[in-house]
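Look for chain A in each of the two complexes below; its partner is chain B in the first and chain C in the second.
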Partner chain A sequence: MTIELVARLAQANILAHGDHARDVTCGYACDLLSWVMARGQKGMAWVTVQTHLNVIAVASLHEMACVLLPDGLEMEGAVLEKAREEGIAVLSSPLSAYRLCGLLYQNGLHDLPG
Partner chain B sequence: MKLAYDLHLHSCLSPCASEDMTPQNVCRMARLNGLDLIALTDHNTGGNLKAFDQAAREHGLLFLPGMELCTAEEVHLLAYFPSLEAALEADARLPHLRGSMKNRPDYFGQQTLVDHRDRVLGQEEAFLLGALATSLEETVSWITSFHGVAVPAHIHRSYGLVQVLGFIPQSAGFRAVEAGPKDQIDENYLVLHSSDAHELGLIAQKEHLISAEKNLDSIISTLQYGITV
Partner chain C sequence: MPHDVYLVDQGDYANAGSVSAHIKKRLLALGIDKALVRRVAIASFEAEMNLVIHSFGGKMELDVTDAAITLEAYDKGPGISNVELAKMEGFSTADEEVRSRGFGAGMGLPNIARVSDHFVLASRPGVGTLMVITFTLHPEHKEENKA
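Showing the complex of A and B:
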């Protein structure tokens, strides 16, 4: 799945254009960064309410495709700048995390790559 | 000199702490345990600091005024101040950051305000266990604006910096962290081992020492720079 398709399904604004060549291969939802650090995957779309700079560090560590913020959350400029540098797309959706995960799953984005 | 310390204590004002955690009880227990230096760090408030400051003085303990603040990320951050006045000034600004939720004592516990003789002055009505509106870095700057120093609490436990945010962000400029005695911490940090006592029996024994002069400015700069200066 492309990042554009994720953004369309999520009705999301793209706050940072990452590396749009990255294929979105799987999804995950969690707000504890230490937890995600142990479970992240390449190409992951990660749904979280955390907007701290460490989110981008964890996402780039795993070469994730995008970070998806629910409930219309925003991210600070400096954090978005880092996301662009690291090639991580940041999307902000008006939908809840629950709804986002349901939508993405229904459209074929599962929790494991492949 | 080396001071035996416990820099993470809750009073009866924290809803989750025992009602026995009054100024006289805590100070007596700290003396029995052989401590030289204690800090009061209630959740998102400095409401009992004045009472503890006075009681600690009576019992010959050095008292560091503090708070345990919960940032928007739900990271627990200890704030320590160089004087009671600075801490009370910060406390007066906290209602702006705390939000409007009221405590539910039946659900969360009592939030008891006391004087230095353990007399009950009343109940704090604002809910003290929520997250502040400020992010981690904003909360650090806020603490610094009152000449205080921020130390992340129990970094590997629930609500700890590393537990929530995965690792210690360099941007926040921490030089001291609180951790468990068995935690592996980068040697560049001054590591504090305080009790986080919510009841009298859990206050630290004389087992962890900090190198500093016996005054608050020296303690604050030790925490600020990670070394005794």
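Showing the complex of A and C:
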């Protein structure tokens, strides 16, 4: 799935354009960084309410495709700048995390790659 | 063989993760298998965050030989009074602010133990903490040896 399709399904604004070649292969939702660090995968779309710089570090170490912020959350400019540098897309959706996961799952984005 | 030393400052959230990113790039450049690099990156990130969150500042060292990848993290204190308790999943001394950032869930040390082949943690209150995290290198961990 492309990042653009994720954005369309999520009715999201793209706050940072990531690496467009990066396919979105799986999804995950969690706000505990160590939890995500233990389970992150390449190409993951990560739904979280955390918006600080360390989110990008975790996403980058796992070569995730995008960070998806629910409930219309925004990210500071410096964090978005870092995301662009690391090739991580950041999307902001007006929908809840619960709704986002449901929509993405329903459209074929599952919790494990493949 | 590579031997890198990195400084990690207390409370430096802005740069937290950069040492781990560097270590990951270094190992990939050495042709180490991606799945193993992922495990090292997880351990490295947890060790780095521990230095940022809990220590007065410290260092991390990466050593790569034909037999193993070794990650050392050591700091200038404050030390851990009960190491066994600290290693238990869910135990954390992190404050509310750290927790609100999604850290301090008491998962860092268990994560390191889970992804590594050997993990030693020694600490003395008032002195500091030392972690030695080892990953055994088998020939198949080198991309060049893959079929």
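The rule is short, and it goes like this: the second predicted complex is superposed on the first by the 114 of 114 C-alpha atoms of A that agree within 3 Å, B and C clash if a C-alpha of one lies under 4 Å from a C-alpha of the other, contacts with A are read in each partner's own complex, and residues count from 1 in each chain.
Convention: a residue touches a chain if its C-beta (ideal position, glycine included) is under 8 Å from a C-beta of that chain, and two chains touch if they have at least 3 such contacts.
Keep in mind the model is a prediction, meaning the values are calculated, not measured.
Chemist: After aligning the two structures on chain A, examine chain B and chain C and state clash or fit.
Modeler: On the shared chain A, the partners clash.
Chemist: Based on the superposed arrangement, let me know which partner A:101 touches: chain B (first), chain C (second), both, or neither?
Modeler: Touch partners of A:101: none, neither chain B nor chain C.
Chemist: Touch test for A:60: chain B only (first), chain C only (second), both, or neither?
Modeler: After superposing on A, A:60 lies in contact with chain C but is clear of chain B.
Chemist: By residue count, which of the two partners contacts chain A more extensively, chain B or chain C?
Modeler: C
Chemist: Between chain B (first) and chain C (second), which, if any, makes contact with A:32: first, second, both or neither?
Modeler: Both partners.
Chemist: Output check: A:50 vs chain B and chain C. Expected answer is one of first, second, both, neither. What do you get?
Modeler: Both partners.
Chemist: Touching A:75 in the superposition: chain B (first), chain C (second), both, neither?
Modeler: In the superposition, A:75 contacts neither chain B nor chain C.
Chemist: Once both complexes are aligned on A, which of 59-67, 113-121 or 149-157 in chain B overlaps with chain C?
Modeler: Only 149-157 shows clashing C-alpha atoms.
Chemist: Please write out, lowest number first, the residues of chain A touched by both chain B and chain C across the two complexes.
Modeler: Touching chain B and chain C on chain A: residues 32-34, 37, 50, 52-54, 57-58.
Chemist: Please name which positions on chain A make contact with chain C in the complex.
Modeler: 31-35, 37-38, 48, 50, 52-58, 60-62
Chemist: Would you pull the chain A residues touching chain B in the complex into a rising list?
Modeler: 32-34, 36-37, 50-54, 57-58
Chemist: Report the residues of chain B in contact with chain A in the complex, numbered from low to high.
Modeler: It is residues 73, 135-136, 162-167, 169, 171 of chain B that touch chain A.
Chemist: Flag every residue of chain C that touches chain A in the complex, lowest number first.
Modeler: Touching chain A: residues 13-14, 16-18, 20-21, 24, 38, 41-42, 45-46, 49, 101-103, 105, 107-108, 111, 114-115 of chain C.
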